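I have a structure here, written as structure tokens, and I will follow up with some questions on it.
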């Protein structure tokens, strides 16, 4: 976040000025990655089922990344993102069913509706901080589910909505649309993290009042993140509708679905880009495995995973990776932990110790290490 | 000397507690104003009102004729007034440089110099004496370092008026002398300053004028020597019978943090 | 008018239960500054334990109270010792504790699914359908008993917190942690006690719920939410505060019948919460908004 980069000049002598926070090599790596994934199915002999699941995973990665903007960057843990997932999904489905709109238009529209919905409940609720906000989001999710389930005119009630087969892209084709979704999500994640606005978000996460005292308009930036997060998750909902060709409110808006977003981000490493993406992959893999073999242990396993992660490695997979790399002499940049789970800063008072919070002084910021109780 | 910051009958009540009670004050351009008073006098609360962090119950504060009180903290920063905190609040998991960058990026738009933000931030760190610590975390700094960081951040917002809340408290004589020199240099850059201080020699040696608060009211105002010999002031500090005043520790200053 | 009166009484009866339910959450939050997301899960577990005692050992639910209290006190202590005490305190630990206890909730839910399947269960005693006549209207006996027990529990709690050393220590810890260590209060012990007590209360709420409602492993999310609404409405300061919050919520729910279809009753609490928070970010009684 702190290393300035120079302008990129292409070989043809045309000077391309990239923003300070976007090093040329990252852009190249990104483009290469997308191209690789785009071409992979054409070259690799992968079965259709796996191919389709990978496509779905792309969507989950995008959703996890979107959740992470609010949960990891701003530090407000939402337990109700299913509300936007479902809203986007149903609006998209309805538009496809009733108006016959092309799928991607429907997805976009659904996403925007979801984004506005997120703003609607989120703007006033984000005044709350920490646990208060989180519990409020549980309420949002549940209330939305209730209303949606009984608004059968729109959502089809418990019977849900079925999309006509052949009307939209096939699961096979959705692989590439999922990839585009992921690409946008990664791009936005990178922008939100590395640019100026990322600085504001982390300042807000650390100490929202001190941030305001330095001129950061916390409300505005939180609203931006809220809207983007809601929209992206809403578009993912539309994708899901197209993928499954059937959605119902009990599933789309379920608490379990909200949980899944949290788990993906936490498993992978909350606050980091690769983390949220990796977490989604792990999540889908575990899900496939579990549903096949131990569907009854589903919840308990996730619960245990959460507990273990929090107790031993709050930065999830990313944290583990850092530990491993430390064995090879890698010294993490000090602010990597800023993306991590530990929320608001401990106040460092005049005596150099922490204010009355009972937490150890601020010297333990190495990622993965918990503060002592 | 023209007054650039004016407080008109500023009051802040917390329920029944009058933390600040109809205080008038002004800060002249290029001046260093000391704000002193016994614990619980309402000094930090006054800062919070002036900086826009909390709305006044009555009265207002004007910067260059424009109201900075009663809006939000960030709006006031954009208008040109910035405060530091009595208990320093660095962003613990952002580097020193990033801490300053926050102030730079989000401070007063008009006065923030263009060019490479990192260069500007490093200049400020140079000025404040933290340049070699740019990549560290605030937790790795000494207390003096963290206090300087607090000031550097506020400076980065490009303020016209800087409100320094007990920046010297807790520092040893060497550190505090250096910080005081720094404050003089800041004034030399054209920034007007109000300082809350309990360390008397600091306030008295640095301030052009001093305002004294007690129990939320302004009880005296004048040059340091005038105030130091004012019997009302002396009584406020020394002569008050403790049993008559039942206050929570920190009094009004703690209230406003809530 | 008679109907309104009946509803009002229903609201009061419900409020009693709600207050007892919310107190467990409030206690833990007030002292440890941790939102016990497992609260809903404990309530559900309490309901199941009561049900098991009833179906297997033919213990009348209300007679099972001592058992439930002790069991869940121990459960709370265990959760504290094994998990919660490793969390950093204060704002730094807020997010982590949320997720940790959420994980615990998931585990409890899964256990319930494994042991008891996802089907709805209910407790039917010989007096389940009995009702009592008061002022011409009839009320379910269970509701009256639940109210009575809640009242007793709250009074006992109040006395404990105000008259005993441990209780006062708990209150002190909720008000000013630093000072506690200064006067020699063993803060760790207070934490253990509080967590155990809060969990025990949640278990009791579960017991009471089992006599009133049908339940399944998903039970508890709504109760968690409502407990939270009550805390925000009424503040953490006192039993009276929580009781007031409970009354407000219960009244809102009961009287919302006039305005809103019954399946949306649970949503009323949430709407109420958002409205209150938007209008008065400090809660109804000046409860501070968290930083």
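In order of appearance the chains are A, B and C, and numbering begins at 1 in each one.
Criterion: a residue touches a chain if its C-beta (ideal position, glycine included) is under 8 Å from a C-beta of that chain, and two chains touch if they have at least 3 such contacts.
Quick caveat: nothing in here was measured; it's all calculated off a predicted structure.
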{"item": "Two chains sharing the most C-beta contacts", "value": "A-C"}
{"item": "Farthest chain (mean CA position) relative to chain C", "value": "B"}
{"item": "Middle chain, criterion being Cα centroid separation", "value": "A"}
{"item": "Distance from the mean Cα position of chain B to that of chain A, given in whole angstrom", "value": "40"}
{"item": "Centroid distance [mean C-alpha coordinates] between chain C and chain A, Å", "value": "32"}
{"item": "Distance between chain centroids, defined by C-alpha means - chain B, chain C (Å)", "value": "45"}
{"item": "In chain A, residues with contacts to at least two other chains", "value": "209, 342, 345-346"}
{"item": "Contacting residues of chain A [partner chain C, same complex]", "value": "75, 77, 79, 121, 124-125, 127-132, 134-136, 138-140, 142-143, 146-147, 150, 208-209, 255, 259, 262, 266, 296-307, 309-311, 314, 341-346, 356-360, 370-373"}
{"item": "Residues of chain A defined as touching chain B within the complex", "value": "1-2, 4, 20, 196, 199-200, 202-203, 206-207, 209-218, 334-335, 337-338, 340, 342, 345-352, 355, 361-363, 365"}
{"item": "List of chain C residues in touch with chain A within their complex", "value": "29, 34-35, 83, 85-96, 98-100, 102-111, 113-114, 176-178, 187, 221-222, 224-225, 228-229, 232, 261, 263-264, 266-267, 269-271, 273-274, 277-278, 281, 289-291"}
{"item": "Residues of chain B touching chain A in the complex", "value": "51, 53, 72-74, 77-78, 82-83, 85-95, 97-98, 101-103, 105-108, 116-118, 135-140, 142-143, 146, 153-154, 156-157, 166, 169-170"}
